[in-house]
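The chains carry the letters A, B, C and D, assigned in the order they are written, with residues numbered from 1 in each.
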Amino acid sequence: MSDSVLEQHGPEWLRVMLRIRFFEGSLADLFERGQLVGVVHLSIGQEAVAAGICSALEPGDQITTTHRGHHHMLARGLEPEPMLAEILGKATGYCRGKGGSMHVACFERGVTGANGIVGGGIPMALGLALAAQELGSGGIAVAFFGDGASSQGTFHETLNLAALWRAPAVFVCENNRYGEFTPTERAIAGPGVAARAAGYGIPGVAVDGHDVQAVHAAALEAVERARAGGGPSLLECVTTRVRGHHEGEENYAGTYREAPLGPDPIDLLDAALGQPGLRARLEAEERELVARALAAAQAAPDPDPATALEDVFA
Amino acid sequence: MSDSVLEQHGPEWLRVMLRIRFFEGSLADLFERGQLVGVVHLSIGQEAVAAGICSALEPGDQITTTHRGHHHMLARGLEPEPMLAEILGKATGYCRGKGGSMHVACFERGVTGANGIVGGGIPMALGLALAAQELGSGGIAVAFFGDGASSQGTFHETLNLAALWRAPAVFVCENNRYGEFTPTERAIAGPGVAARAAGYGIPGVAVDGHDVQAVHAAALEAVERARAGGGPSLLECVTTRVRGHHEGEENYAGTYREAPLGPDPIDLLDAALGQPGLRARLEAEERELVARALAAAQAAPDPDPATALEDVFA
Amino acid sequence: MNGSPSGANRLAPAIADAIAQEMRSDPRVLVWGEDVTIGVMGPTRGLAAEFGESRVRDCPISEAGFVGAAVGAAIGGLRPVVDIMFSSFAYVAFDQLVNQAGRMRYMTGGQLSVPLVVIGSAGAAGANAAQHSEVPPALFLNGGGLRVAFPSTPHQAFWLTRAAIRSDDPVIVLHHPALAAARGPVGAEPLELGQAEVGPEGDDVTILAVGLMAHRARSAAGKLAAEGIAAEVVDVCSLSPMPWETILASVRKTGRVVVVDEARLTCSVASELAAGVAEWAFGDLRAPVRRLAVPDVPIPFAPGLEAAVIPDEDAIARVVRETVGA
Amino acid sequence: MNGSPSGANRLAPAIADAIAQEMRSDPRVLVWGEDVTIGVMGPTRGLAAEFGESRVRDCPISEAGFVGAAVGAAIGGLRPVVDIMFSSFAYVAFDQLVNQAGRMRYMTGGQLSVPLVVIGSAGAAGANAAQHSEVPPALFLNGGGLRVAFPSTPHQAFWLTRAAIRSDDPVIVLHHPALAAARGPVGAEPLELGQAEVGPEGDDVTILAVGLMAHRARSAAGKLAAEGIAAEVVDVCSLSPMPWETILASVRKTGRVVVVDEARLTCSVASELAAGVAEWAFGDLRAPVRRLAVPDVPIPFAPGLEAAVIPDEDAIARVVRETVGA
């Protein structure tokens, strides 16, 4: 990676990674205090994947993500306040309180949707890519999914279809080395996720997902290929799930074998940037921004129960 | 292949391949004369795959097959008469007339089932293999499926599971270069079916499926590996579908691009055997055997309508 | 009423013609499915010749993948029509239909539309056996978030397919394989999702039926008329929205109801119709609402067995007579 | 009645204990599913410690694959118990459940048995949103070939799970996440598939309900008793076989029926029950059979929205009052 890329993107990466960290941290706090409804799956430790990929995208592109997708959304530019409002089930949430943590979406800003069904959003991204191709919009689509999701049939079907039809899509496997409580090596046979790309005749690359520069470089290549009509790629970003599968799991999960922690992606980037003071300044700003968003989201009204019957059909 | 293998199996291969040819030919005739109900998918041209694989199996093994599976069943030793009776919807059919051509089964003789759902029987074979493993029966299971089926999610999911759990299973893709009317290269991206095995860390071999000796040699290796606890293999047998997708397709399918015919597997084997007179003798015997079976099946009674309500639950 | 908007006079070609007309007027409409260029099942036959093999696109056998992709494409601005062949193949794509297509608008608080059409055959057509004879509308209706239509005539097929393609919701269009060649004109009066067709009319008893059962109900009504029983047939060709007003109006008039369904009885459309009638028109009922459906068995292969489990004209007439006599 | 056969006194542990007891006595019984060694959902918790990680086996996330493998394993002589976690995850394995497990015996003319159990949670438990709050029994019932149980107490959970494992048919056992910790003893009297539990008894009106709705119906009945309305609750904990005799006996006694369901109304179990009652006990009905179910919407996330669409004790009591007053 040339220094100019780091110069160009580094401060924004650091900002968004800190935003993610504080955003997710605030959810952990809320959970701890019993103020969260539903289940949350946090992305702390995985910030570099989101920042590295999304900074390679254009406004007209679309992403689909998973139950663990707040970081992708923030990196894609969604606003913390309506995100938090959604996660708190408020009327001002992006989805009017109907979606919650696992279903935040903002189509206008390029986040078609999260998904509660593991593997469920992979074909959807292909479809978004094909729509862009067909409509000539110049856009591409990115499917984010976990290592666990790569065992689903939809992964295989979609990669085959995408390769056949040279879809402008990038398939990003965020390999945090766990699906729930099962380590990846007990769920994925063979040499690994990236290696499966060869079976479809498309590029498959594994990168260090803690290193935003490495992620971004790989993303740029895949995104450019997709946009230029060169077809889809599979990108495996090996990363670390710091907080376990979901908040509150200690109620039943006990101490399962956690994979060794990788490096902290924020520390890594900070060191690479070598700009004393930048981190502290951004930390202050982002901590404040998230705190304000949270306060506003908490103060927002609950949805009118009558709205439960709306939005089923056009 | 050593000559002794050919000597040992050659005459039986020739016999069963002729049996399949006449069996399927008699169905084509029946269809032509308007005497067949439902849809039939014939395996003429693919006899060597069935003969080569099934002659590597033991009585306690199980196979699952597809809508196009008569050849596998005959090679596995099912009787032509109850098979034909089933295909004709008679009470004396293996499935009492409830299954028909796409669902012939005889568990006792190692044919767990055909399947009307493309890709539907692949996981079932894994389960049969795991049952054998768990019960210590020493048996293995073989899933037959088409090139088209390899695009289904169940293919991917099953191979991953089988590889992880070292299931005593062999996955046989019978690549007749078409799924319905779509040539394989328009349905399968990348270097081909066998190459996908690498993604799961299991052996993947492509052989000439017209050549029963080649099929058998590859089958023996895969079967021995499975039986010895070495885990599953993927075997791709490239073959030729001589009669199109199903009888009667000319009513709507027109002249689609048929792949070039491969060599006739029966001619190939006959030439390799070089035993003048053998083929003529076996032809006479098998033609007669199939004719007698057909006459008996046609004379058999229809099922009592009351039996339609039986066999749903235990 | 002016002239017919379609030259098609059989059911499957009427679907194809509706698709073709929409493709001509709206470039966002495209067709995906296995061998749709050849049009194995009828509803896409002839389209590739006019629109080319990119817009009418053959798919590898991976229903969850391409149905899911169609969901994404619909969200992304296209209007995909997926021919899934036999509707039971939708079972391998069930999550993508029910849990994705049927939920996306709702889960996103109304942000997303999924203008997707999935066409599939439903019903037994002589010895297709258990996995190719399904009649699954109840699964889609209870699954939720999906519109469902099941036309029984070329007229219904043309207009409901057109309405399905123009709808901003995901719509499942079912067609019965035994009716593919059923003849009839396409009338000029449009039919919308949510409408039923009533005919013949009658005062003695209402028969509610769909698809092939609607055909058989009409035959049975003809037979019964000769016996002096005036049966009114409501062909519930749109199942979501369910045309309750038309149904209840007929029931209020006749006070007697027989529901006929080619699906298994338990949790079927027949049960839904019977329950709704019994709840909302209880005071008008002069006899119990009788349901005639497939007993809870898979469809068997042998023609004699298949016929034994599917309601026919005689069975319908018999139950109607019993109901009128009750 | 002798002592309890199980020390479990909560619902999810009662399922786990039933599995454990069957595993002890039958080496063919094994457990598959995602993270079943940890037992995320409860019903498999603790089993791995006793039976090891091969017999209690964690599966990669590939439901169609391992449910399908379980079908094959069941045919091959094992008795797999699959914990699919949330029952809506069965949608990605729907073909394997309905079109394979549910058809194999029939299509083979009775040659094959599929002694498979699939356990999944069903229902909303506070802000799980649309894809994790499904109540899908109607889909399995109309799909066919499957037995279905939905226990609402530890007693029912223990006995029905035991019966499911001993059954030679594929059985879906549903359990409500909001009842996982519901307390109650496991009685000595076995409950079989096909049986319902009646209680409290009453002469004025019958409430038919399942799962969490059965709990709420019992609470509502308590409240109504104080008002002088004697409601009888039939907990239809077995849905296939459907305990029609028990249901109809209660209806004949009371002449008034309210059905409560946590699924979407259309083509639901509620509709099935209402239709059956209205068809087979028409002469005994003194009021229309009322159905109280989720309107045809996906389950929303926000707790206030969720509560707005799911029948509660007050709604049940209100509809019962209306029915008794009718």
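The rule we apply is simple: contacts are C-beta pairs under 8 Å (C-beta built on N, C-alpha and C of every residue); 3 or more make two chains touch, one makes a residue touch a chain.
In this text, all values refer to a predicted model and were calculated from it rather than measured experimentally.
Undergrad: Among the chains, which has its CA centre at the largest distance from subunit C's?
TA: A
Undergrad: Just curious, how far off is subunit C from subunit B if you go by their C-alpha centres, in Å?
TA: So the centre of subunit B lies 36 Å away from the centre of subunit C.
Undergrad: In whole angstrom, what separates the CA-based centres of subunit A and subunit C?
TA: Centre-to-centre distance between subunit A and subunit C: 40 Å.
Undergrad: Between subunit C and subunit D, what's the gap in Å when you average each chain's C-alpha atoms?
TA: That pair's centroid distance is 30 Å.
Undergrad: For subunit D, give me the residues that contact two or more of the other chains.
TA: 60, 62, 64-65, 88, 91-92, 95, 99, 106-107, 129-131, 144-145, 296-298, 300-301, in rising order.
Undergrad: Where in subunit A do residues touch two or more other chains at once?
TA: 95, 97-99, 103, 115, 117, 120, 151-154, 156-157, 160, 164, 186-188, 312 - these are the residues of subunit A that touch more than one other chain.
Undergrad: Given which chains touch which, is the overall layout a line, a ring, a star, complete, or other?
TA: Shape of the chain contacts: complete, all pairs touching.
Undergrad: Spell out the part of subunit C that touches subunit B in their complex, as residue ranges.
TA: Within the complex, subunit C contacts subunit B at residues 34-35, 37-40, 42, 45, 58, 60-62, 64-65, 88-89, 91-92, 126-132, 295-298, 300-309.
Undergrad: So in the complex, the part of subunit D that touches subunit C is made up of which residues?
TA: 64, 88, 91-92, 94-95, 98-99, 102-103, 106-107, 129-131, 136, 138-139, 141-145, 240, 242, 263-264, 266-272, 274-276, 278-280, 282-283, 285, 287-291, 296-298, 300-301
Undergrad: Give every residue of subunit C touching subunit A within the complex, in rising order.
TA: Interface residues on subunit C, with respect to subunit A: 28, 30, 59-60, 62, 64-78, 80, 95-96, 99-100, 104-113, 144-145, 147, 167-169.
Undergrad: Could you pull out which subunit B residues touch subunit C in their complex?
TA: Those in contact with subunit C are residues 37-39, 86, 89-90, 95, 97-100, 102-103, 115-120, 148-149, 151-154, 179-182, 186-188, 252-254, 256, 302-303, 305-309, 312.
Undergrad: Help me check something: in the complex, which residues belonging to subunit B touch subunit A?
TA: It comes out as residues 151-157, 159-160, 163-164, 186-191, 195-196, 198-202.
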